[in-house]
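Heads up: the structure comes next, in structure tokens.
Letters A, B and C name the chains as they come in the text, with residue numbers starting at 1 for each one.
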């Protein structure tokens, strides 16, 4: 089975719109949404079955037993994450707490202990098509592990199939790196804006550190032809294949708002994405 | 004798206004950059340290750069007796003990300082490791401060902390361009602000994520309002959401090819045409009035 | 000499686990005595640094050779520092891989992938 990951670098480039089109075109039996901070794929691709939820535990978080606390302040002094609140009593700010255990170690009254903390929820939709996704709770860090679990959940549930499509997350950090691990190819969706180009360079840097096939797709290319040409030159210089470009298409917005993908209706962006899909699959299976 | 009660609303000396959105690409930077540019004599701080973009528009000059480092442990081998208490303590598995030596994994370490405290031989010290930088410059009358996380580093939170606490610029308004989403970096960015502007786009994705960030600002008890961006004719699910939840709509920016083109070229719209200058001017006035009103009520 | 292999279940006929750091178990197999022990991998539940912790377990069990399908940079650092050789497994069961190793059919693993947090290894 081959895994195709769709990334963007900058948010809002159309990653999920294109991922949902690919899912429809490929008639995949397995797909996942690794944008655990702001998952959107379930809005674009409807899945028939009930969801199965599993709690995701992140790092343990510290808790202070106020009845044992002597207000000596050692915990707050040693906490490097500003996670100890003192008003009205000593307590731990669980959003800031990183679970390092320093407060537990320095407390002379043994009033602090690290406890398991739910940091998010994994969701699995499984009939003959597997859809794996998750939502990280607000303020959580540690999304790399949750991303890994989303992929593992999909792999464990799927039986024989050729292709799995993974919608990744924007950015360059831990969740992106975790999503790249183990995939066969990355399709980077970008847009011809100064911000988009800057972020494209950073995501290419991040993805290139792992030896996998990379391809770049310029979405909304006609909002700025000059910048699109600049991206083409950059890809040529880096020896990265560039797919067919996709035009800005107001029908795309309307399709998505009506719960359809761009390949479900007759529109320019849909036509272009069909070609992007064919080109990508060819590289993936070559 | 008649007594006349006079209410004086004290203005704060500075207002920190965060601009955020549930997802990337909705127009956070468009809004924060143009508001700062039209406001004049303000500070713009870019907290989206993974993908900072504001400086591309402002093109600041007189840039002063400061490396941001976190502390990583090192071992004084002569003092280490191989007891492994540090390896066992580390919740992040950043230490290993091989061939009687302690090996530290810089990229895994969270700089908590725990191993130093736990070592019975006092054999651990700390050294700085650069994870990114802060650049400060000027663009006409806006002080532009950007945080940048080096590729490969995992957490931008230490940079955001420095950005917001140590900038020592004394201006009445500070616009903070936040990272997208609602993770720890966003929380760090809005923790101490006076007001939150949420930018939303009229798509199903946009509303879904608007809801997330709306929950976040409520959790932090911040006064907030929404700017609807990329508005097109027809249904606007984001607008409907705001009306349903009684969320104040501060303004609407229509989708327009010209604005898209200006923005895609890294230009500041309010400097390119009077049409956009007027639009952001009136948005700015509305926001300032709202911010002063909300913070007066809350103080 | 002891060799280690990541395992999904405590059964020598089952396939090798697809990765190292988060494998549920490690089989520690003594080539001379033909004794095998399945160790639970405490690193499997770690938030981060799983490769490092798993490698520490391997080092602490006097293993000289590790058979894995892939290995991250951080785990490799620990294993290399301990002079543990890393071989690439072939598709198939744990048992088949032990036999392949004994017949000198396996090759050294030379594509170490960067860990999730460590990207300077290129």
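As a convention for this text, contacts are C-beta pairs under 8 Å (C-beta built on N, C-alpha and C of every residue); 3 or more make two chains touch, one makes a residue touch a chain.
Computed from a predicted structure; not experimentally measured.
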Could you see whether A-C or B-C has the larger number of C-beta contact pairs? B-C
Central chain, going by Cα centroids? A
Chain A and chain B, separation of their C-alpha mean positions in angstrom: 20
Chain-centre distance (mean CA atoms) for chain A and chain C, in whole Å, is 29
Rounded to a whole Å, what is the gap between the Cα centroids of chain B and chain C? 42
Any chance you could list the residues of chain B touching two or more other chains? 91-92, 151-152, 154
Contacts with two or more other chains occur in chain A at residues 59, 99, 144, 174, 206, 209
Multi-chain contacts in chain C, i.e. residues touching at least two other chains, fall at 47-48, 117, 119
Help me check something: in the complex, which residues belonging to chain A touch chain C? 58-59, 99, 142, 144-145, 148, 174, 177-178, 181-182, 206, 209-211
Could you please specify the touching residues of chain C with respect to chain A in the complex? 18-19, 22, 47-48, 111, 113-114, 116-117, 119, 122
Chain B touches which residues of chain C in the complex? 43, 46-50, 52-53, 55-56, 59, 74, 77-78, 81-82, 115, 117-120
Per the touch rule, the chain B residues reaching chain C in their complex are 87, 90-99, 101, 103, 105, 107-108, 151-152, 154
Complex contact set, residues of chain A against chain B: 8-13, 16, 37-38, 40, 43-44, 59-60, 78, 80-82, 95-96, 98-102, 105-106, 114, 136, 138-141, 143-144, 170-174, 191-196, 198-199, 202, 205-206, 209, 223-224, 226-227, 248, 250, 253-254, 256-257, 259
